[in-house]
Amino acid sequence: MIVVLKSDATEEQIRHITEKTEKLGLKAHVSRGVERTIIGFIGPEDALRMIPLEVFPGVESVIPVLSPFKLVSREFKKQDSIVKIGPHVKVGDKKIVVMAGPCSVESHENLLAVAKKIKKAGATVLRGGAFKPRTSPYDFQGMGEEGLKILSAVGKEVGLATITEIMDPRQVELVAQYADVFQIGARNMQNFSLLREVGQTRKPVFLKRGLSATIKDLLMSAEYILSEGNFDVILCERGIRTFETATRNTLDINAVPVVKKLSHLPMVVDPSHGTGHWGYVASAARAAVAAGCDGLMIEVHDNPEEALSDGAQSLKPENFATLMNELKAIAQAVGREI
Amino acid sequence: MIVVLKSDATEEQIRHITEKTEKLGLKAHVSRGVERTIIGFIGPEDALRMIPLEVFPGVESVIPVLSPFKLVSREFKKQDSIVKIGPHVKVGDKKIVVMAGPCSVESHENLLAVAKKIKKAGATVLRGGAFKPRTSPYDFQGMGEEGLKILSAVGKEVGLATITEIMDPRQVELVAQYADVFQIGARNMQNFSLLREVGQTRKPVFLKRGLSATIKDLLMSAEYILSEGNFDVILCERGIRTFETATRNTLDINAVPVVKKLSHLPMVVDPSHGTGHWGYVASAARAAVAAGCDGLMIEVHDNPEEALSDGAQSLKPENFATLMNELKAIAQAVGREI
Amino acid sequence: MIVVLKSDATEEQIRHITEKTEKLGLKAHVSRGVERTIIGFIGPEDALRMIPLEVFPGVESVIPVLSPFKLVSREFKKQDSIVKIGPHVKVGDKKIVVMAGPCSVESHENLLAVAKKIKKAGATVLRGGAFKPRTSPYDFQGMGEEGLKILSAVGKEVGLATITEIMDPRQVELVAQYADVFQIGARNMQNFSLLREVGQTRKPVFLKRGLSATIKDLLMSAEYILSEGNFDVILCERGIRTFETATRNTLDINAVPVVKKLSHLPMVVDPSHGTGHWGYVASAARAAVAAGCDGLMIEVHDNPEEALSDGAQSLKPENFATLMNELKAIAQAVGREI
Amino acid sequence: MIVVLKSDATEEQIRHITEKTEKLGLKAHVSRGVERTIIGFIGPEDALRMIPLEVFPGVESVIPVLSPFKLVSREFKKQDSIVKIGPHVKVGDKKIVVMAGPCSVESHENLLAVAKKIKKAGATVLRGGAFKPRTSPYDFQGMGEEGLKILSAVGKEVGLATITEIMDPRQVELVAQYADVFQIGARNMQNFSLLREVGQTRKPVFLKRGLSATIKDLLMSAEYILSEGNFDVILCERGIRTFETATRNTLDINAVPVVKKLSHLPMVVDPSHGTGHWGYVASAARAAVAAGCDGLMIEVHDNPEEALSDGAQSLKPENFATLMNELKAIAQAVGREI
């Protein structure tokens, strides 16, 4: 941590700061420059974050040097983490994992039809929401436990691992019975009670970036889960909120190389939410693979006109199959497979 | 709802849309213009939102006409709502309500000292966090129930109503025992499980706008609470996330007149989070009163240097008292009191 | 400037950096901490900004310590600057200056009618665009020199100073003949050719913040003008572009205290562009005065239904007069007058 | 254009609107629904944009139906436009065009060295700035005409077309003598004087998206150039400004498919500015090609440590050559070549 002093900071103010920080076991290095005096601290930066140095007299600004995340960082673990989902799927390995399925589970029949088609096209994980976070209380809120049962049954029948969203810490036990991965949605990325709760399980967690979360915020939320002992975390870029309205969200493709640099955790991209329009999904999915992602989550619906949620951004199974073929060629071009 | 068709939409595509929507009880008005054909729908727009018209062949875009919120809207209720907190405080009335206190409850002694001073300066509600949503799992997370007890005791001792943040639907019963108002923080604005849970109580809810929530999103989250039967909701503007980094958040002062136009619910402003620097709090607080807010929430700490959280944005009691004097004059200038 | 090294930076890499920087006359202080080594530089930071230290081997990040602006800063000049417009108007003094008038000059008759009314209500500067920056090439582009003539004539006739927008460095001489202040619009805030050109005149410049400009960017653009010798710069907050769509722009009210802290230049607020809807202008204008601005720029049109541009955000003269009365009370409450 | 009326709009207010609009030659269709009355207009929408219907009594909101751009739209021209640069380069054709070179022209020797290397790696256009828009007046501002001469000479010597930025309408004639393409930078995207001026030439224009410009804004700025008669416009996505600070800008990869859908103009991506860090450039460049762009603009410097501007985001020639090989495979995978 570095403290930049005001140009008129006094010796007494400097002493006040260094005395305070030395009590916390930090060694202060004072550098007196022409225009500014700077104090650099060596030692446990966590301790320093506990005191609001910004309000000490004479302080102009406080600049953190170290990242606040630890367990999720590349420094903590150099090699890429691989997260296993069920017996067969590995996220973070050479093979790019594709998770697909409808936004919401709507019926056994519909889900089964889609599941067979996406499996044939090369997906290995089936997605489907049973608890839906909807902006309006009057919109379809998901089938609840009934939806979980269908998801689980279809997954087994077709031979796909399953992932579903969890919104409430009280649902952890229930969802754990049916799905292979807990999905935490963008709106709950900083629902810390929920993060702690799934952190105490030993089931993989799929953590989506919040609409206005920086990449550092995303990593800090992952840190909550790892700090509870669960290291099987998969990160997901799904678009952020910006001023642009031509798409539902702005897919931050830069997040792929940034996360791969800062963290050892696998990084998945969701081009369906990242664009919000099925017509743009293929382009964004291809970009994500080329950028170096470890997986994709794509909404596929047998009949988007009838979808109870997110129909506008769902691919039809035949378009999904075409896309998977394109992705194979791109994956190969970047030394991966799909 | 209005559906704009592509310039090359066919009659068959138009028929496909109108047949579909008529089944839902909607009457379709087709207007054929020179450059575009448009279909306007008359009838229950909620039904329409259930089907993703965007993906129907021939459709270029879908434009909603009605706001998706109902119970929170001015159309539903013309006159301003007044929310009562405890026996004496009314939010939304002529008197602007000031809620003040430390970010976190840290000890009975500290809280008592601050509570006396803010009461003397004119505040009527005491704030203090017992459960703290912190970006880092390694930062101070609040005192928990012990903090709630202190808050409640100090509130009674000094004669101030109390407000505290709730983060988890499982905490509702506990928090309800100790505090007069549930505060829902920015990070939980779309924690729909939590919204429903507090919606089922009959205690006032103080709902803060999310970092990337539009004003409509905020109103839709309030709608969740009202739709469960709890009409005692107070909205709060606390700054949004933008590209500007000179302040912690960008206080959206426009939200005050916009909310007052769209909704009957009272609107409070939090200049502490809205700026993130104590040096800017007074300016933002004055602006909020002048803009027409119904209340303020301000962080005050007896010794910001020792604060366990948000020290940088906390006012000292003496600065708070000075500010309250300035606010009185402004309140009077806009026909209010404080 | 502080350079944070990677955790595995070598001694040779450190030497490479210090040798390079010492050639530029900078003294390097190397602090070796447990987790990171840091190099602090003492000396002319401008020199350092010339070399891209980020790309040097071993460097993790580069953190500037000093602000890049000089002449506009409070450190350069402690007391508030007062900018004189014409013989009678002073911006930055106790009296808050109100600039008002239509978006565009449309005719002598219309402008005269408005000018008389705004003067009566207390405005001292008449605004009116002759060259209009419009998003569409097919929209009204302004009356050009004819508009300048009308503006100047009406200003003289009624006894108001005048301000008008300049968009092109080739217009400087022309506009200088007719108006008392050059207005640089948001879209041209970083039109550096134009900034230099007006910097070489001795006429006041009214510089509006760009839609996505940080406060530092605004100050750096002002620095361009001052660095050419023209110190008569007035800054203007007019709303920034965010994700919120309920208003045309998000008025960054925080910019008022931030600019007043960082700079000695006067700060004006434009609530018309800052909200984009006439119904919100009064609220935002009151907030701006309460926040501590030195002036306001408000669009007023005699008949907004007939306005050739920005009708939606223009006040009618009678609403403007009512607002001016409210503002007087608020100005008094914050120790100013209007 | 559709006008949504307030729920309490009167018949007289409706008549006032329709009388007004019929004078402009527009036919009004009034649809009376249960909750709202709507007026749809058939006829020349441009005429309607001239009057601020939002301020008419009884109007709640005004919703445009047609896009405001014409000549740049896909509706105006179905097939992709191909822009020729010099005798050999075509942008918008099957072959993806790579433009590369240093941020600024610094010397004949340096530019020649880079030019030879990028040509060998497959680039066909040489970039290099002679007039640099720098945030600070104290930073290197470019070599001016001397830089143009070097760029032109090196281009001819090596056999590369040339592109350079133009910042001032007065420079058009000068720059036209030396470069094959006018580049308009992000900060000047809405410098309408400059747009008109290059629109009157018959030289290709490379138009970069502004930091806070929507895709529609970008297309409207292109419309300015086409409306002056110059149809040889190349659009460029170079990152937008968001709240994310881990990268210099947020590359909006979605802009590629959106622009290809809305417009016939070729679309280039600049991954150097789009990320701001050389370490992320390759990932973003691969993503852009996979997403379907028609070209790339990449900063390459022989010795980034010595670069006078943008060193941090410049690739070394050897890294550029490696990237070009990766891009070839991806281009092939999406049916293009490079």
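Every chain is named by a letter (A, B, C and D) in the order it is written, and numbering of its residues begins at 1.
We take it that a residue touches a chain if its C-beta (ideal position, glycine included) is under 8 Å from a C-beta of that chain, and two chains touch if they have at least 3 such contacts.
Not measured: the values here are computed from a predicted model.
The chain pair with more C-beta contacts between its two chains, of B-D and B-C, is B-C.
Compared with chain B, the chain whose C-alpha mean position is the greatest distance off is D. We define each chain's centre as the mean of its Cα atoms; on that basis chain C and chain D are separated by 26 Å.
Here the spacing of chain B and chain C, counted between their Cα centres, is 31 Å. Here the spacing of chain B and chain D, counted between their Cα centres, is 38 Å. Looking at chain C, residues 212, 240-243, 245 sit in touch with two or more other chains. Note for the complex: chain C touches chain B at residues 212, 214-216, 240, 242-247, 250-258, 261, 274-275, 279-280, 283-284, 286-292, 326, 329-330, 332-334.
Interface residues of chain B, counted against chain D in their complex, comprise 2, 4, 7, 29, 31-36, 38, 40-43, 45, 63, 65-66, 75, 241-243, 245. Contact residues of chain C toward chain D in the complex are 20, 46, 49-52, 54-56, 68-69, 133-140, 167-170, 187-188, 190-193, 196, 210-212, 217, 220, 223-224, 227, 240-241, 277-278, 304-308, 310-312, 314.
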